[in-house]
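We just call them A, B, C and D in the order they show up, numbering each chain from 1.
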Amino acid sequence: MMTEPMADTIISLKDVRRDFGPVAAVDGVSFDIARGEFFSMLGPSGCGKTTLLRMLAGLDQPTAGSILLDGQPMAGVPANLRPTNMVFQSYAIFPHLNVVENVSYGLKRLKLARAEEKARVDQALALVKLEGYEQRGAHQLSGGQRQRVALARALVCRPKVLLLDEPLGALDKKLREEMQVELRSLQRSVGITFVFVTHDQEEALTLSDRIAVMARGKVLQIDTATGLYERPYCREVAEFIGTMNLFAGRVTKIGHEISVDAGSIGTLRAPASEARISVGDAVHVAVRPEKLSVLTGKARTGTNVVTGKLVASTYLGDRSRYLVQVPGVPAPVSVSLQHDGQHAAGVALPGSKINLAWPASAGIVLTA
Amino acid sequence: MRKIFTPLTLYAILFTVFLYGPVLLMPLFSFNDNTFAVFPLKGFTLKHYASMAANGSMLGALWNSLVVATIVAVIATAVGLPTAIALTRYRLRGGGAIAAALMLPLVVPSIIFAVALLVILVRILNVELSLLTVGASHVFICLPFAIMVLMSRLEGFDKSLEEASRDLGEDGWGTFRRVTLPLAWPAVISSLLMCFIISFDEFVMAFFLSGTDPTLPVFLFGQLRFPNKLPGVLALGSLILLVSTILVVAAELLRRRGVQEKPA
Amino acid sequence: MPDAMPRQTAAGFSGLAAGYALLSPAMLIIVAMLVAPMLALVTLSFWTQNGFELDTSFTLANYWALIEPADEPTMWMGIPFPFKNPVYAILMLKSLVMSLAVTAAVILIAYPMAYFLAFRVTRYKALWIIIITIPFWTSYLLRVFSWKIMLGFNGVINSGLMSLGIISEPLSFLLYNPPAVVITLTHAWVTFAVLPIYVSLEKIDRSLLEAATDLGDSKWQRFRRVTLPLSLPGTISAALLVFIPTVGDYVTPTLVGGPGGTMIGNSIQSLFLKQDNSPRGAALSIVMMAIVALLSLLFMWAVGYRKIRARSA
Amino acid sequence: MQRIKFIDRMSTGKLTRREMLKSATAFGVGLTVLPRLTAAAEVLTCLEWAGYDVPDYFGSYVGKHGGPPNFSIFAGEEDALAKVRAGFAADVMHPCNYSVNRFVTAGLTVPIDTAKLSNWKDIFPALQTADGVMSGSDVVMAPADWGNSSIAYRPDLIGDAFKDGETWAIFYDEKYKDKVALLDDYLVIQIGAMVNGMPYDQAYKLSGADLEAAKAMAAKAVQINRMLWTDATEIQQGLASGEIIAAYSWNDTIKNLSAQGIPIAYAKPKEGYFTWFCGLTLLNSGKADPALAYDFIDAWLSPETGKVLIEGSGYGHANMKSFEVAQADAIVAMGIKDPVEHMKSAILFKTMPNEVVNEQNKVWEELKALKQ
């Protein structure tokens, strides 16, 4: 796991664990988040990401392990005394208060001068573009407006870390995409560390500086969007982020390239891996759909070739998607072809035999 | 990490002691070998229970009260539920005034209602006084309680749930039965319990509107005037306490068994 | 009625007609059993009674008798009552004060219990609720009687204090006075108050509480700023539920109040049954109802009940 | 019962179409108030004091008719009066001599034909013509049970309160504040006047300015008395626990407390002590056969009932023969040696004019309300 010390760490988790009865919701997680980073936690529901977020907020306590926030250990520090604020999934807008009262909620305890409090509330409302809605009651707001109120309410407290629990989940697609852009620019303008929880990989890839992919209470990989896509550590991450074709086999040789005996489709070659692999290990050779090409002539050296039958093709305007059934490979192989002149649209017909090729450098060896 | 014994738990225990303290004196004195409920205690006896068991009219009154209270609870809740739905789900013209009118029985001293109802029932409608007249008056005084409890629950839940049900093809009745009712269920139970207790305990209306079948409070009011009858009354009170406790525990055990039988 | 967002009827319901149809059973009962007696009562209050005969000529004398001024005010507890029949005003005031004391005590005692049920009890909620209702399955009269044993001369409290050596003579001020009425009524009504408060607390979205904590509130601040305001509707219901009926109670004062504990209900009862003056009794009840209704409205207005209801809806 | 009868009549075709319709409509109008319009009651209905609805008191009626009548219970005559005036139908009522006049004045009673009562001849002559029994030349109440009202006190706790003779003054004496208890009744005004020297013959009809003048004593009593009792249990508990050392009481207090081994004495105060009696009155709203009512009254007047009353609860009975059949020690326990003599020496409660009852009640309620 990537735990090398960062220059300016704001959050540091060490072996954090949270048990609910016999179930470990968070199972020994350690990582650091840098100051000013937009950090996302991505994973299917039940993977422990929300629990982790709630432990950062202080709304839940770890069973074991430690959390450091800006260098301070957080054990025993209640939620109200932590320099974090949260945007709740349901927004949790106080129904008995209007917009201004909601936004200024967290400021009351600071006992600011009236003018200053008003200035900060106005500033926050301006930030989320809610000027003119000051006196609206909670029940008079739309979903997007509620989300903005929740954001303003958290930001106005000037937290060191803003925690967001699937804040865009309840919004429609267009609004969501708009909000994604706004959220990103907002984060840049305020410079606060955002910790963002989502199950939507596209959202995570769009927004984040770095993403932690989680499953079953564990962090599988932390990386940038590119890193996760290009260099997944394991099959699970590979399959969770985007589409990945997998060819099972056994390692036969390790040199500057790795040779894998993939049974009926022959020997596949792939670049050397960071993972610890020895000869005889069962592995998968993984390759993204857009790295594959349809081979018309003879294969060049250093290229892997498999042969199959086209089962479906979908025209997508700028590209086409083929599904190819390769004997010995359980799932159909997915191919994404750019319409760039090399491949004309709609060449192949379903049922026709097709040869797929990819350069050895485009594959990744994943353990089991 | 979880604290089991908080000050609030301690408070809940004290609250329960406050509730039960005076009530538990009943069983205490029902076993005391003395006609008078005074300290110090004299000795253990079961004779008060024997005298209670021999008191047929007391058991009759108990039965009357149980029947009346059960029926009243069901009717008041059944009438209160649609009313609460109408007042919370529809924007009715004059809804506020209607809601206020429905609460009026609370403001009027029951003795006045009792006498006025008596005149109207007997003189004008020529109805013979019976447990039915008592029951009717109890439905009337229970209604505001039932409506209040039910409304406070119905106001709370998301209307889109009902709309979702309509969308999924249920008609009005089906939506009520499959969505509204289950969601309002805790309040329905509260309402039933509350109405049962109010009716079971109501004295003034029952006193004036009962014919020749007394309810338990009416009977007890008479019995309490006779010092000799007091221990028997205490024995009955203790028995009611015991039986209701057993019922409650049994119901809870059954409920828990039901829960466990479901596959996890 | 002006309202920012008109409430929609549930899809498919045929609107108002269905709404009124749902109301009708309750309305029928209320009209039959409330309006008729009320009309009778109002009519009666404008009549006079001579012995057992009713004089049906219209008069306001019964209302005048309640407020007829006197030259010399009657002093009661240091308060001057400038009426010819000061008893009604005195009893009205006394009843209101006692009833308010009961209401305050009930809410103070019931609220933490309701809070406990809503937030602390997780597994045995139903059991707890039923546990607190069990004592009420025994007759009210018996419970009042039990309080007599509790508070009485050789009662539990006196015996207890004496055996602990705190007092040497039994305290006689415990029973047959207004505080005894307040204690007994508080005990009698406290469970009724727990239920509506519990329901309104239970309804509060837990994430609102987390949000408050997250925004920096301590437990107490969070209670004051979120939990309490959001539970106000139920709490107000509970307060009215207790206040309104206790003002007119007359059984409890009769049983534990002694002469000093009599309330307005006792006076009404006496006018109807003992003094053969039901018209004045009717006038007194109508005035009492009006005062109680007025106070309740005033109270609701003061705490902004409508506003709270509209927002939490 | 009614329903069976209804079905029976319907099946035998005796029910007219009109009756059917009426019943059906009534049923439709409201299931909750299902009226029973067919009102020819075959069972006697009695308005009775709570606790007197026991067959011991009307054994011969049960013997003759196979079961007790229906009872409607009341706890005070005012409640019963209100109920009857509102239209509650009952055949027989059990008022006392000081309250029967209110029923008579309200026009609710029917005169009793004493010739139909086999036990009438054995009634104490003093009671046969007593105040309340007669209304003009009619007998409106058949006297049945009687008892005394005097001071019951704890001789062990009383101290020297009665060293100059037993007196009602103890209830008006600051020295005994919170240790004594009178009845919650305007009688407190009358007794107060008697303590001040006014004979009962005048005190019972106090009104107007005289009543105003007598108020001060009663106001004092309201302040001094621990409580003003409304039921016998309350006062017997108080005496038993020692909370109260002297109280206005009926005979049963003495009997019950002695039975528990508590020292108790029944005073013969110098101002006098009272005798009350109650009896049975026929009501004009009754729907049953009058013969049943006469059987019931006659049962109440029988010596057997008297024996039960004397031995069981310590009250007297109107039938002279009761005192012959009752156990001698039970009679002694009542504090009675010679019943006839006893009745002469006590003050028999008088029937008060209705207006005086109202007025004294008003003053009494006000006195209580004004307690600080």
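One rule holds for everything that comes next: a contact is a pair of C-beta atoms (placed from the backbone, for glycine too) under 8 Å apart; a residue touches a chain by one contact, two chains touch by 3 or more.
Being a predicted model, the structure only gives us computed values, none of them experimental.
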Shortest chain-hopping distance from chain A out to chain B: 2
Intersection of contact partners for chain A and chain C: none
Central chain of the complex, centres being mean CA coordinates: B
Label of the chain whose CA centroid is most distant from the centroid of chain B: A
Centroid spacing, where centroids are CA-atom means, of chain B and chain C in whole angstrom: 17
Chain B and chain D: spacing of chain centres that average the CA atoms, whole Å: 34
Chain C and chain D: spacing of chain centres that average the CA atoms, whole Å: 35
Centre distance in Å when chain A and chain D are each reduced to the mean of their C-alpha atoms: 89
Numbers and ranges of chain C residues touching at least 2 other chains: 152, 154, 272, 312-313
Multi-chain contact residues (two or more partners), chain A: none
Set of chain D residues in contact with two or more other chains: 30, 79, 82, 237, 241
Touching chain combinations (by label order): A-C, B-C, B-D, C-D
Complex contact set, residues of chain D against chain C: 30, 78-79, 81-82, 85, 105-107, 178, 184, 222, 225-228, 230, 234, 237-238, 241-243, 354-355, 357-358, 361-362, 365-372
Chain A to chain C touching residues, read off their complex: 57-59, 78-81, 84-86, 88-90, 92, 94-97, 105-106, 108-109, 137-140, 153-154, 157
Complex interface listing, chain C residues touching chain D: 32, 51-52, 74, 76-77, 85-87, 90-91, 148, 152-154, 170, 172, 175-176, 254-255, 258-260, 262, 266-267, 270, 272-277
Chain C residues touching chain B - in the complex, by the definition given at the top: 1, 6-13, 15-16, 18-20, 22-23, 25-27, 29-30, 33-34, 36-38, 40-41, 109, 112-113, 115-117, 120, 124, 126-143, 145-147, 149-150, 152, 154-156, 159, 187, 190-192, 195-196, 199-200, 202-203, 233-234, 237, 240-241, 244-245, 248-251, 265, 268-269, 272, 278, 281-282, 285, 288-289, 292-293, 296, 309, 312-313
Sites on chain B touched by chain C in the complex: 6, 8-9, 11-12, 15-16, 18-23, 25-26, 29, 37-40, 79-80, 82-83, 85-87, 89-93, 96, 98, 101-113, 115-117, 119-120, 136-137, 139-140, 143, 145, 147-149, 152-153, 155-157, 159, 162-163, 166-167, 171-172, 175, 186-187, 189-190, 193-194, 197, 200-201, 203-204, 216-217, 220-221, 224, 233-234, 237, 240-241, 244-245, 248, 251-252, 255
